[in-house]
Amino acid sequence: MKDLFRGELVRFTLEEPETSTKAAILWQRDSEFQRLLDNNPVQSNSEKKFREGFEKEAENGFKPERCGFSVRTLAEDRFIGFLSIWLDLIHREAWVGLGIGAREDWSKGYGTDMLKLCQQYVFSELSMKRLSLGLFEYNPRALRSYEKCGFRLEGRTRMDTMREGKRVDSLWMGILREEWLQMQEGEGK
Amino acid sequence: MLDIQTQLFESQDLRLGPIDHEKDPEIESKWTHSSEFMRLMDTEPARPLSAAVIKKQYEKLEKRVEENKNLFHFMVRLKADDRLIGKATIQWIEWTNGNAFLRLGIGLADDWRKGYGTQALKLLLRIAFAELNLFRVSAIVPEYNQAAVALLHKFGFVQEVCRRSALERDGRRWDLYVFGLLRDEWQNRSTG
Amino acid sequence: MKDVLTGKLVRLSAFDPEEMSKSWSRWILNSEYFRLLFSSARPLYSPKAELKWMEEEVGEISPANYFFGIRTLAEDKLIGELGLEVVDWSGREAFVGLGIGESEYWSKGYGTDIMNILLRFAFTEVNLKRVSLGVFEYNPRAIRSYEKAGFRLEGRLRSLLHREGRRWDNLFMGILREEWLELNHESPGAGNGVG
């Protein structure tokens, strides 16, 4: 059986609240990182707020509708980002959100590797039928990465985001289990 | 001159208004016992709820409206006899993006196909665009809800996203559509 | 779309602890009833105590738990209660428990009707893959009813129960989604698309 938590470049793990806190506070400084991740106004959360959030999450323990991973590189065992999964247990659909904190780590293939691991986890371990994600029109790097993983563009909600005085679209993407299985067969896995 | 005379809450037959905590729970409880209504209105499993539970939900709802400031909720009543026939919300409002999602439901099948949906949606859109100053509104509808799809098309909503096989009901998968309407599009239709 | 809350004789309604605790306290005075439902001796509680317990049980709305009252279509009378609990999301399995409190409705097809509605709800609204239940060896009426609905005997928990001076088995029954679909002449992937 495959190692669900180990990809080609990265691995899934779970950091202690303190480690996550220190990283979050640093990554938050980069407004581009925040703006790529979310279309809500950028924030300046305190360490205290982050710590309380991560500690509460750790305390709450296992919830079947939510699954969060920290991501470390295999090469240097560096904590570079996170990947979160939300599950609709009734309709067997998962949503994924991911972020790589430091810009030096962008465009290195980490995102694609993280998503491939996520797809494997969601389809072969969580038995979901669909995996969805959203991104913004101004994030072409992510779009390329997601397309490489087999996500299909299912539409755009027009001008639902406004930044720098411009209105831009949100892109909605999804991949079905059958499509992922076909891709696996194609790759001879 | 600014038109503040045209009523935001009233149409020919309907009035948008607040929750009646005493009378409404019993009526809404009845709606939740209809498999057809629940499956058209919601993607969560149809679950009959008691009036007591609905009353508690109303309290939580009003609290959310107060605290989050990103939600407007209206009960829809007939002007003639003040009877509660449905509910309407403008939710997930993102003020900085000028975007929100609409939800509208008429509870009893006997009240369908009477033009109430059209009247209620018209009021909701005016509040969204002319009062909340939103730039666009969205609506999520399952492919099998043909009445809702038709109503949205009537108002010029564009089907922007097709979330393929996102729902499972009656042993098969269904698509979930996301519709959008921009303020300019609404404006042109209203005046035209 | 199909109606997932209504059958031929009954419909599923809200589980209202206020109303249910009153009926329940009356039903439970019939010792035959509670011996069919509970594996161990159970003291009688006051309606108020039952109410409190019920409110805790059904308190939170969760995708894993569904509680219903059962009402006759003819007179809209509350005759029993039903619960579905998802125990494993990976396997998509749930346990069902039901009781018809009003004994004049026993042996009249109500149990089978209720189970048919429940299975439609479980397989086509919650989208589960299997439904399990436990039933006592000395409850042949229920066993027949469940078999009619499609449940198969999968095992016995031997000598689990001790009543009237002897031991009894607890029967473990289960039904799979494919089996139910076939039984009801519905092929997987079919279903009318009318709004």
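Here the chain labels run A, B and C in written order, and each chain numbers its own residues starting at 1.
Keep in mind that, in the parts below, a contact is a pair of C-beta atoms (placed from the backbone, for glycine too) under 8 Å apart; a residue touches a chain by one contact, two chains touch by 3 or more.
Only a predicted model underlies this, so the values are computations on that prediction, with no experimental measurement involved.
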item	value
Centrality ranking, top chain (CA atoms only)	B
Most widely separated chain from chain C, with each centre as the mean of CA atoms	A
Centre-to-centre distance between chain C and chain A (centres being mean Cα positions), rounded to whole Å	41
Centroid spacing, where centroids are CA-atom means, of chain B and chain C in whole angstrom	35
Chain centre separation in whole Å, for chain B relative to chain A (CA means)	31
Per-residue multi-chain contacts in chain C, two or more chains	63, 126-127
Touching two or more other chains - residue numbers and ranges from chain B	44-45, 168
Numbers and ranges of chain A residues touching at least 2 other chains	90-92
Residues of chain B that touch chain C when the two form their complex	29, 32-36, 39-40, 44-53, 143-149, 168-172, 174
Contact footprint of chain B on chain A as seen in their complex	39-41, 88, 90-93, 129-130, 132, 152, 154-162, 167, 172, 174, 176
Residues of chain A defined as touching chain C within the complex	64-65, 89-92, 126-127
Residues of chain B defined as touching chain A within the complex	43-45, 94, 96-99, 135-136, 138, 158-168, 173, 178, 180, 182
For the chain C and chain B complex, residues of the former touching the latter	1-6, 11-19, 61, 63, 66, 68-69, 121, 123-127, 181, 186, 188-195
